[in-house]
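Below you'll find a set of structures to go through.
Two complexes, one shared chain (chain A), two partners (chain B, chain C).
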Partner chain A sequence: MELARPSRKTNGVGVQVGDTQVCVVMVGLPARGKSLIAQKAQRYLKWLSIDARVFNVGNYRRKGAAQPTADFFDVNNAEGERVRRAAAEAAVNDMIKWFKHEHGIIAILDATNSTKSRRRWIKDRCDSEGIETLFVESKCDDEDLIMSNILEVKTTSPDYKGQDPEKAAQDFRNRIRNYEKIYETIDESEQDLTYLKIMDVGKRCIINAIQDYLQSRVVYYLMNLHIKRRSIWLSRHGESMYNVTGQIGGDADLSPRGEQYASKLPELVMQSFEGQEHPLTVWTSTLKRTIATARHLPKEWNQLQWKALDELDSGVCDNMTYAEIAEEYPEDFEARDQDKYNYRYRGGESYRDVVIRLEPIIMELERSENILIVTHQAILRCIYAYFMKEDQERSPWLNVPLHCLIKLTPRAYGTEKVVYKANIDAVSTWRGKGSKALHEDPTEETESLAK
Partner chain B sequence: MELARPSRKTNGVGVQVGDTQVCVVMVGLPARGKSLIAQKAQRYLKWLSIDARVFNVGNYRRKGAAQPTADFFDVNNAEGERVRRAAAEAAVNDMIKWFKHEHGIIAILDATNSTKSRRRWIKDRCDSEGIETLFVESKCDDEDLIMSNILEVKTTSPDYKGQDPEKAAQDFRNRIRNYEKIYETIDESEQDLTYLKIMDVGKRCIINAIQDYLQSRVVYYLMNLHIKRRSIWLSRHGESMYNVTGQIGGDADLSPRGEQYASKLPELVMQSFEGQEHPLTVWTSTLKRTIATARHLPKEWNQLQWKALDELDSGVCDNMTYAEIAEEYPEDFEARDQDKYNYRYRGGESYRDVVIRLEPIIMELERSENILIVTHQAILRCIYAYFMKEDQERSPWLNVPLHCLIKLTPRAYGTEKVVYKANIDAVSTWRGKGSKALHEDPTEETESLAK
Partner chain C sequence: MDTLLTAEIAANSPRYRRRSSTFIDGVHDVKDEQAQAMAPAQLYSTMSGRLFHSGRIVIVLVGLPARGKTHISVSLSRYLQWLGVKTRVFHLGDYRRATMGPGVDVPEDYFFINASAKSVMIRQKILKKCREDIYGWLNHENGQVAIYDAVNPLSAGRESLAKEFAKHDVQTLFLESWVDDQKILEENARSVKISSPDFKDMNPDDAAKLYLKRIDMKIPHFETMKEPNLNWIKMINAGDQLEYNNRSFGYLANRIVFYLMNLHIKSRQTFFARAGTSDKTDYYQADAPLGEEGKIYAEKMATTLIEHREAERAALIAQGGSTAPLKPLTVWTSTRKRTVETADAFLERGYAVRQRSQMSQLHPGVCEKLSENAIRKLYPEEVEKHQSDPYHHRYPRAESYHDLAVRLEPIILELEREQNDLLIIAHESVLRVLYGYLMACDAMNIPTLKFPRNKIIEIIPASYQNEAKLIEIRDLNPDMIPGSPEDIRLPVPPSGMVSPLSGMGTPAMGINTPSEQTMTPPMLLKPIRIVKEEHPLSKD
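What follows is the complex of A and B.
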């Protein structure tokens, strides 16, 4: 079975990349969530196997001025202005090198880029290199939001490392005042720019002159982000009869221990609320074992069955044990271990294929509030990889134990994880590279979702 | 095999509908493409099995005033104003009845709704009935676009039926002038409205206060529409060895006649250009028979392989003939004929499932220019149903002959179709209700894509 040939014009995951290279230029005053947006966009793109890198101008500037005070950012401070300009130039130069020599697809230039002249300069530089520009402005005048951003994020910035948080916050507010003096929002005079202007964290958006599919993907993703505090609950189905017999795929019923887990799941979910009530929406796959696992959850919670949450399709190997696959399709068995992420079962799917069909699920998760997903091992690995920024080559080897509930809470930088164990025995369905094992214990080094 | 239970909160196709009912309120001067947008949105939603209906205020107004002249639309014409107001009220009343008694999901109110007071009145009516509102304004100042819209569409409107086109166009321009006198674009004073403002046919968009997933789906779709003239070419793979033996699914090679078709396809495509050169992008599935069919097309055309274009997954019936399926799974065979659109093969897919996985393909087709798709029978039926507004219950029974190329060109109202036949014999893969037939000829009444 030939693997899908990713064509020159695609990254092989159904995203029309073409020859396009895009510089996403962040725009906005400090503490408007620019770095957060940049990080999330990069994570999303990497998950889709689109090569993306963040170029943070602050990091370049810190080489010349490690811990400057607010005065440094005063428009009248000529030395400060010189250093900041040099940092921007260094970042843009490195970015252009990256596009040229490493064939990057999307660079995200993380800086305030707060004046029209600075934006024009970036556009001209990119134009002359044949790189598209997409300006993304985050504009927010909600004082509470800005303050919470200052306190949560900025006082932990390298600029203030080791300093008194109160003093740091005050200095940072002064820094913002200095930027405000010269800040120019993107307006009618810049209609030749391609831009997305996000106001008050997505309440209102302006989208101007989107040129192609790749830009539209990024714009749609960024429009869907929200910052309400919420969590995502993940669970595999309870142990199935196939788990017990070591068979893959199929549509088996739960084992008696799997039934025990289903009965205990409502209690486990309540425990995870830790005192706070949440109405959850429950998503399952269309397969019996996930629907059965979710069936004792409160009746008043909405349940949705998604075909897109069905287990990775193992094609001709459906219903077989790994030992049978190794026997009947030795070359395939070998090929899968060599490149588990890209290996596509004959007549079935690869992890890469699963990521494509999960993309709308991820988009909906970004828009949604509290969701509980009851699904399958490979699907959980892919969803987990998105939230935890797991390397796509490593994610197919993660250990996802049966009979535990994982609660993920996205935060400003990274995702918080808490694991709730049902303490109901189950077989291990993990399989190490080269192994044909029915019920193998993960090695010490194996990363586990439940730790 | 149990069919997926569509939950109360979903239409069963992976769209979170919830209890939401949305009134999409079109806003804009005449000849800004409002009716076109309304029609396309309805077609898209129906294709996704979301119950949507257009309420065209003009149709209500024509009951009171069949062929009014421009004077009728003068702000100072009190009688005209009274009739137009009554038409709006009648349309809104019918719409609310439809929501209440027929449990509709999305109504599209197609009218100019050109003043703030009119929009406020609609919002208040909907608010009091618990119906969400999404205002969609099309604003366009490009005189050429407006004129071509006037000439192409409006002079064929019922308002001008049987009249001299030149005079009709002149009268229509005067009507627009009358609307312009009172037209108020959606602005800062209406920030409590949820709205999408599309400027110059999508060049620029403003999106305000989107509340939920269903609204965001509609908004994303409308943002992706463009009006550049382009076509979509559709072809099945050449005849495969499985077509010859009457087997379904699998990953068979082309038959000798299928190879002939692959060799002839470049010529057929050139013929379809009818003198105009188009660089095409070629999309195939990941299966051998579509890739082989596309392999003689010009090397300089980009080719993309989409897993989402793979044939409907027939699960346990993969590789079988219909006679074998009827023998081995008689209940399934019967159930499929009863409701072919919803029937899901054991371990496989239904047409409804295929529509969900094709949705991103449709979205990308809407954004793209000239695309040639080489794919499979069920997939073609679904794509065709979208463009030709086929009923979803009928589409699984369409006849899609092998060895012909179908060129679809979306126009203002409807889609133009031209068929190019290769004149290379092939078996028929069509199957009538109840039949187990290997190679059955479609009946006289069967709708054919190639006619």
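What follows is the complex of A and C.
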């Protein structure tokens, strides 16, 4: 179907990019969560089918200086200054090449860009190539947050891999001090720049001279982000009566084994805290099976039902088994396997439709801290794809087994995943391409949320 | 005495608004409680009618007169309603006028800190009535957002307002429009105040300056927002910069910031025109070019619009209006050949033309190349479903109007962002949705709005409500005027539907007046037909 095909100009999800290309320029001292923000923004844009790429100047610099000490970042160190300048130039050159030859839409330049002259230089380069710039400054003086970021960096940053953690933290603090000497925040003298300045962990913000829709869309997303450490727990509902009979959709009750899972879920969640107990907010869909699955969780935890978390609407095929669908709507059955992401059930939804309706959920998830989501297979595939950067070809085929809890923790260099199994038997609801089986076990190659 | 007065206010109360025809902006309409219809771009529904778990919110405007507050409130309400959030604007000015009676102004010291006891009493009476309506809306009519359009100049007043709403379990979000750019101020003052008898026979520039001076005298104390404990958004110089203080922003507050990033408060016009016709039977996939007739149409349409704009300007100058040159006109088309080629007449004259791919028409799916009879025969159940909900129903593999509305969101925000006058040349289905947004039409009416080819529609944004005018393109071949040959020939729901044209000249009260006087366009001799209706409560 022609209109659903993403292309550079239409991507079918309500986000439209026209001819603009934007370079998002991160600004801020080290340990202010810049890389995390850059990663997340790229992930979000890709999820919405907008081509985005992060250009991390640190990666270019590491080619010339793999694990430099803090002195390297001293302004008086001429050699260090030269290497860092060359790294910035290489990154910007590659970025411009990417815009030109690969028709990228949004590049994120991840570096400190801490001086006015550096920012001016980037703007001039982009202006001369017809690329818009959007500067994003993360200004944060919250000591606790900076400390937790330093701890995070010393364990995950390639600059400190394999080093003594204590020494690494000390060196990193010295590096920050070197940057502080020359750091210039974005101020009145730069009013001609388009910028977003985030202060006090998002409590205060200034948005200046937004040029077009695409920029406003990026700013809107970034406004919703926070950089505090938190996790997201995902679970399907317990096995339902429809799961047992192999029917899709509907609003069935839990099976006896599904009830067992519901009873065990509180214990499973406690286990996932790994000793650090804290309350969660629980989100369910409005369907009986997710509400029933969440009902034994502590009463004092806040629970919200979201219509937007309801299972993908299978339209006329609701309540049918795959064999029945293949029998009654053979063309549809085939069309769906051809392009599962874009296939829309008659009178129902496609995965692409689901992604659009999940937008408020994703925004709310980004704004929130610790959330447990109890929802359905297709919805989990979409949410999981967002956090784990799964592409559209693969995400609708992921195996999302019943009766296990998945804990995701977004980190600066990727999302961490831990799986807790309830060890309660359940049918498999995974289905391979073309299969009409009532229940089918995933193959060895099937990618699974629970692996 | 008091009850009598209250009754009188109630009788004049802005709550009891008439329902407009689709020809008048419906942004202030009181929607039918029975109608459970979804809003044009609503993604899902909830039992309570409240979306995004955002609870109930009052958005409190802050700012001196002539800062575009009313325009911001109305535009925001339009956008939120479009998303399905039940929103209503409460203009304190309406309550002031209803209480004071026609032609009576508030006492001189009304806005003073040390106002006389009598003025304070009037002030409280007005505030009380407005506040009661806000609670009525939120508590008994399932309202989710109330927009409270007033000056709210003092920090102490704002703090206590937030406390009062919090007691009723309602969150508060302040929205200030702060302008210190003299040029913007004078332009606003000019566009709002030019018609007032006070400034008759005055040079418009002087009138604007005098008006601004009067505001300063009338409201001598104004404190811009700095409160660290309140939720606020400050729009500086018509959107050049936004600043916010986020104590507890929810999804909606962030969404509002997103919208405001695209809003400006400068006035400009929007025109809608159809694309010219093609010689060939135009299928969606064929994307045929303009035929000879189509080229003639494109030429005539361009001439008509350009002459119209010049004539309007001349008329304005004759009335003593601004002699400033016309705003530049930008033309948007879809990427479909017929719209692009229709715009060539403008391109040749040096106007800027932009192609927007998301403005492609409704995808017809299986209905492409099928006659109405064939559709009825092949898909009888689909036709039935379509009749019961022409807005949300999709024919197999086709798009619904709802899909189109969601796909057009960026266009809608770009539309708000555009500062030049704008001509949109598009397929009828796209015009319907965009018109539906600008004029706040009910979703169910959108699929049957009609845009005959011999009319250019002009939308004039007044701050209180938008107005639509029709500009006739004369001497067109009558064959090309009605319908659009490449439309999906879907059965039009029977009666009770309104089109932007059927309301012409009829009072707006009768929404259920059947409008089956199908579009035999009045080929009148009058050069330009202008339809303009004054809202009974329109400002000043």
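Observations, loosely collected:
Quick note on the criterion: the second predicted complex is superposed on the first by the 356 of 451 C-alpha atoms of A that agree within 3 Å, B and C clash if a C-alpha of one lies under 4 Å from a C-alpha of the other, contacts with A are read in each partner's own complex, and residues count from 1 in each chain.
Keep this in mind: contacts are C-beta pairs under 8 Å (C-beta built on N, C-alpha and C of every residue); 3 or more make two chains touch, one makes a residue touch a chain.
Fair warning: this is a prediction, and the values are worked out from it, not measured in the lab.
After superposition onto chain A, the modelled positions of chain B and chain C overlap sterically.
Touch criterion not met for A:94: it reaches neither chain B nor chain C.
In the superposed model, A:190 lies in contact with neither chain B nor chain C. In the superposition on chain A, A:339 contacts neither chain B nor chain C.
Looking at the shared chain after the overlay, A:303 reaches chain B, while chain C stays out of its contact range. Residue contacts after overlaying the shared chain place A:129 against neither chain B nor chain C.
When both structures are laid over each other on chain A, chain B collides with chain C only at 235-243; the other stretches in 235-243, 289-297 or 523-531 stay clear. Annotation: chain A residues 9-10, 14, 16, 18, 203-210, 213, 216, 220, 223-224, 304, 306-308, 346-347, 356-357, 359-360, 364, 367 touch chain B in one complex and chain C in the other. Touching chain C in their complex are the following residues of chain A: 1-3, 9-10, 12, 14-16, 18, 202-210, 212-213, 216-217, 219-220, 223-224, 304, 306-308, 310, 346-347, 356-357, 359-360, 363-364, 367.
Chain C meets chain A in the complex at residues 43-46, 51-53, 240-247, 249-251, 254-255, 257-258, 261-262, 285, 335, 354, 356-358, 360, 363, 385, 394, 396-397, 399, 406-407, 409-411, 413-414, 417.
Residues 4-5, 7-10, 14, 16, 18, 191, 203-209, 213, 216, 220, 223-224, 249-251, 281, 286, 302-308, 313, 318, 344, 346-347, 349, 353, 356-357, 359-360, 364, 367-368 of chain B are the ones touching chain A in the complex.
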